[in-house]
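Below is one structure, written out as structure tokens; comments come after it.
A, B, C and D are the chain letters, set down in written order, and residue numbers restart from 1 in every chain.
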Amino acid sequence: MLPGMPARRATVTEAVAHIRDGDTILCSGFGLVGAAMSLLEALATQSTARDLTVVSNNIGEPGRGLGVLLRQGRIRHGISSYFTSNPEAVAAVNSGAITATLLPQGTFSEAIRAGGAGIGGFFTPVGAGTLLAEGKEQREIDGVLHVLEAPIRGDVAFVYADRADELGNLWYRKTARNFNPLMAAAATLTIAEVREIVPVGALEGESIHTPHIYVDLLVQSDDR
Amino acid sequence: MTADDARRAIAARAAAELKPGEFVNLGIGVPTMIPDYIPAGSEVFLHSENGIIGVGPRPAPDDVDPDLIDASKLPVTELPGVSFFDSADSFAMIRGGHVDVAVLGALQVSEAGDVANWAVPGRDVLGVGGAMDLVVGARRVIITMTHVTSSGEPKLVPECTYPLTARACVDVVITDLAVFRFVGGRLTLTELMPGATLDGVAAATSARYATAL
Amino acid sequence: MLPGMPARRATVTEAVAHIRDGDTILCSGFGLVGAAMSLLEALATQSTARDLTVVSNNIGEPGRGLGVLLRQGRIRHGISSYFTSNPEAVAAVNSGAITATLLPQGTFSEAIRAGGAGIGGFFTPVGAGTLLAEGKEQREIDGVLHVLEAPIRGDVAFVYADRADELGNLWYRKTARNFNPLMAAAATLTIAEVREIVPVGALEGESIHTPHIYVDLLVQSDDR
Amino acid sequence: MTADDARRAIAARAAAELKPGEFVNLGIGVPTMIPDYIPAGSEVFLHSENGIIGVGPRPAPDDVDPDLIDASKLPVTELPGVSFFDSADSFAMIRGGHVDVAVLGALQVSEAGDVANWAVPGRDVLGVGGAMDLVVGARRVIITMTHVTSSGEPKLVPECTYPLTARACVDVVITDLAVFRFVGGRLTLTELMPGATLDGVAAATSARYATAL
């Protein structure tokens, strides 16, 4: 979140102009559900930013979502729980075209939450004693081996919401919520692609999933 | 028995392990067949780690909702009382011990209850998903798998040779030949599947185990 | 959460019969807003459980909420961010009648969340280098001093919700939400006192704050 | 000037520090008077750590909603676009650096920007609330306080003698005598309050400071 700015409306073109070479981008979505497809398309077609680190549960699918950016050779590093859903991402790691950090999905989620929540690190029992804990600090807590995991933050987050009000409060539909609230909180600049923008007051205060404090730019989705 | 028959027999047997009121996470593969064998009204609540409790059956093609999927990324329906939550909350549920049962496939299970189910040495080690979280966090871990690999190698082994998912976390193993439980920490054959024999199980198992039918 | 049980209806009397001597009870509420007042009253009048550890942002007010239990001498230890709102709690600590653990409010909240979420501990910059970090592990992370905090769990949680459906899904109203969702997730037995019980399906899936996986007993509030 | 006038002057001056679009947390005491001095439509969004963004004015007695309070435990109203969240999420916002400004009272501020505002030695050290989280987490920390204690002791001191809330976290100090900022890490007097003099400030301040009016 940038300091002192309410969410502003922007076009996808204006939005992706913020992405710089070397940026870390948090990309929401479980597979392509809840992914900001219009922003990803604009990033592929209207931006030349490269050497990107992408933090995303999957690296898109072949030729779809982040998969386009991968084919363009603009991804330098991926942080993910499941590269395997895009065979081209696996091939890119194996050929050395990109580097990879693999995390258990719960650790991946919790690390992004920690990044947004100002937590310096956390101990989890998940992955302790396995290949994925190699090189990380491990210790027994109450007799159970835990591994210390670091927070994850991004320069930019691409999130997708079904509805936003004009302030930038977000509401996610069904399982499209997934990583969106975590990523919205963990980036310096949070760009929300939304299906529908409603007047202030149209969302119930108890039902807002991401308060507008986390949202910098609102972009109308052209995905559906 | 065809391979599909074997898989269906495993799924049906696994379904019988689930008790009314339990919150259950079903992994990909054989576990996704389990809902077909849960009687209606049994009050088994299905959790999927992408952020839902109250998963219903697969929809008819015309009823697919693009925002409603399970952890296999396939369309599902929702049951009354459904709730949705984000991925951090979903894995808080799993890691925090709130999910009663996880049913997952495996590549190997050791006689100590270790499980290897995410990676094969020499192949790509690039996808783990929620497997580690589920076997560590769920109160009861049920492994469903064919008894041997496609080349006939035992999967119930003295020590896992594949990269571990977690140590000493398995409670029940259901294969096409038998049901095993860890009784007092010891791998124990407790039931033969229809058509299987004690000798057949012994020949197909390299792990040491007790027998208590 | 107890294994394998959907939320059951119970009277306050049945509910407080679960409390044992020496139990740790997570009591929600910021002041008395969002506190389970009917359960607290039943605990005071219909239970003799003693040597209790209470985890609550405040130890009630004089003669109200947890303040009654304090006067009865049944609290052994308090974990709180603000004992000061009940002068009798302060006096009890100073006289040695009870022992106290004081935590910054954000650390208190995060520790309960960690308890419910299976996190073995977390590093926070808050409180590092102060009196409240004494005796705790501290380390610099990215140049900022952090303190390691442990998770908090309870034997029982008393939570208050405006609405529950018959499965036990909970919905909190306005600022009465406060510690309720955290505490509901962090106890072995979670007892929800609710203003209104509605049919299954009456709460929107996206709006449920505490899924019923966390709730063991549902009690009708007689507070309002 | 009465004590209340002095407090109101501090609150009015603090209000002028807040910029449109900022998310602001107001502590107890003088900061609670600040909303009276924020012009309508200024788009300053008030956060209260008990779980709300969009705090409105105090309600008329007949309009009190028992479920709608601020961190002082007093009734408030809600503005359009209000959102509610739990305490872990609220402090994640604070600690994670999402709240732009925290305005709090203090017992002492040191010339290094340390603040002590939760405990007096020899008195009860049993209430800290959200003070530590706010001064560590907010992007900008504005301290509002009377320049000296009721017994005339300076509160702007070389080194805090009271238990610390946090080190090197203060950005602006507004008292009844002056406004100070940390400029290049150095405590700097930047503005005199109406009626105050440089000599008067110097006499009431034991911290070393630069002057840049």
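Throughout what follows, a contact is a pair of C-beta atoms (placed from the backbone, for glycine too) under 8 Å apart; a residue touches a chain by one contact, two chains touch by 3 or more.
Just so it is clear, the structure is predicted and the values come from calculations on it, not from any experiment.
Looking at A-B and B-C, the interface holding more C-beta pairs in contact is that of A-B. For this pair, chain B with chain D, the centres built from the Cα atoms lie 54 Å apart.
For the pair chain C and chain D, the distance between mean C-alpha positions equals 29 Å. Centre-to-centre, using mean CA coordinates, chain B is 34 Å away from chain C.
Looking at chain C, one finds that residues 110, 113, 117-119, 124-125, 172-174, 177, 205-206, 209 touch two or more other chains. Touching of two or more other chains is recorded for residues 52, 78, 84-85, 91-92, 94-95, 137 of chain D. Chain contact topology: the protein chains form a pattern that is neither a line, a ring, a star nor a complete graph. Touching pairs of chains, sorted by label, consist of A-B, A-C, A-D, B-C, C-D. Interface residues of chain A, counted against chain D in their complex, comprise 1, 3-6, 113, 115-119, 165, 167, 169, 185-186, 200-201, 205-206, 208, 211-214.
Chain C meets chain A in the complex at residues 110, 114, 117-125, 141-142, 144, 146, 171-174, 177, 204-207, 209.
If you check the complex, the residues on chain A that touch chain B are 30-31, 33-34, 57, 81-85, 89-90, 93-94, 100, 102-107, 109-110, 112-113, 124-127, 129-132, 162, 172-182, 209, 224. Only residues 48-52, 65-71, 73, 78, 84-88, 90-92, 94-95, 119, 124-133, 136-137, 163-167 of chain D touch chain C when the two sit together in their complex.
Taken in their complex, chain B has these residues touching chain C: 19-23, 43, 45, 47, 52-54, 78, 80-85, 91-100, 137, 139.
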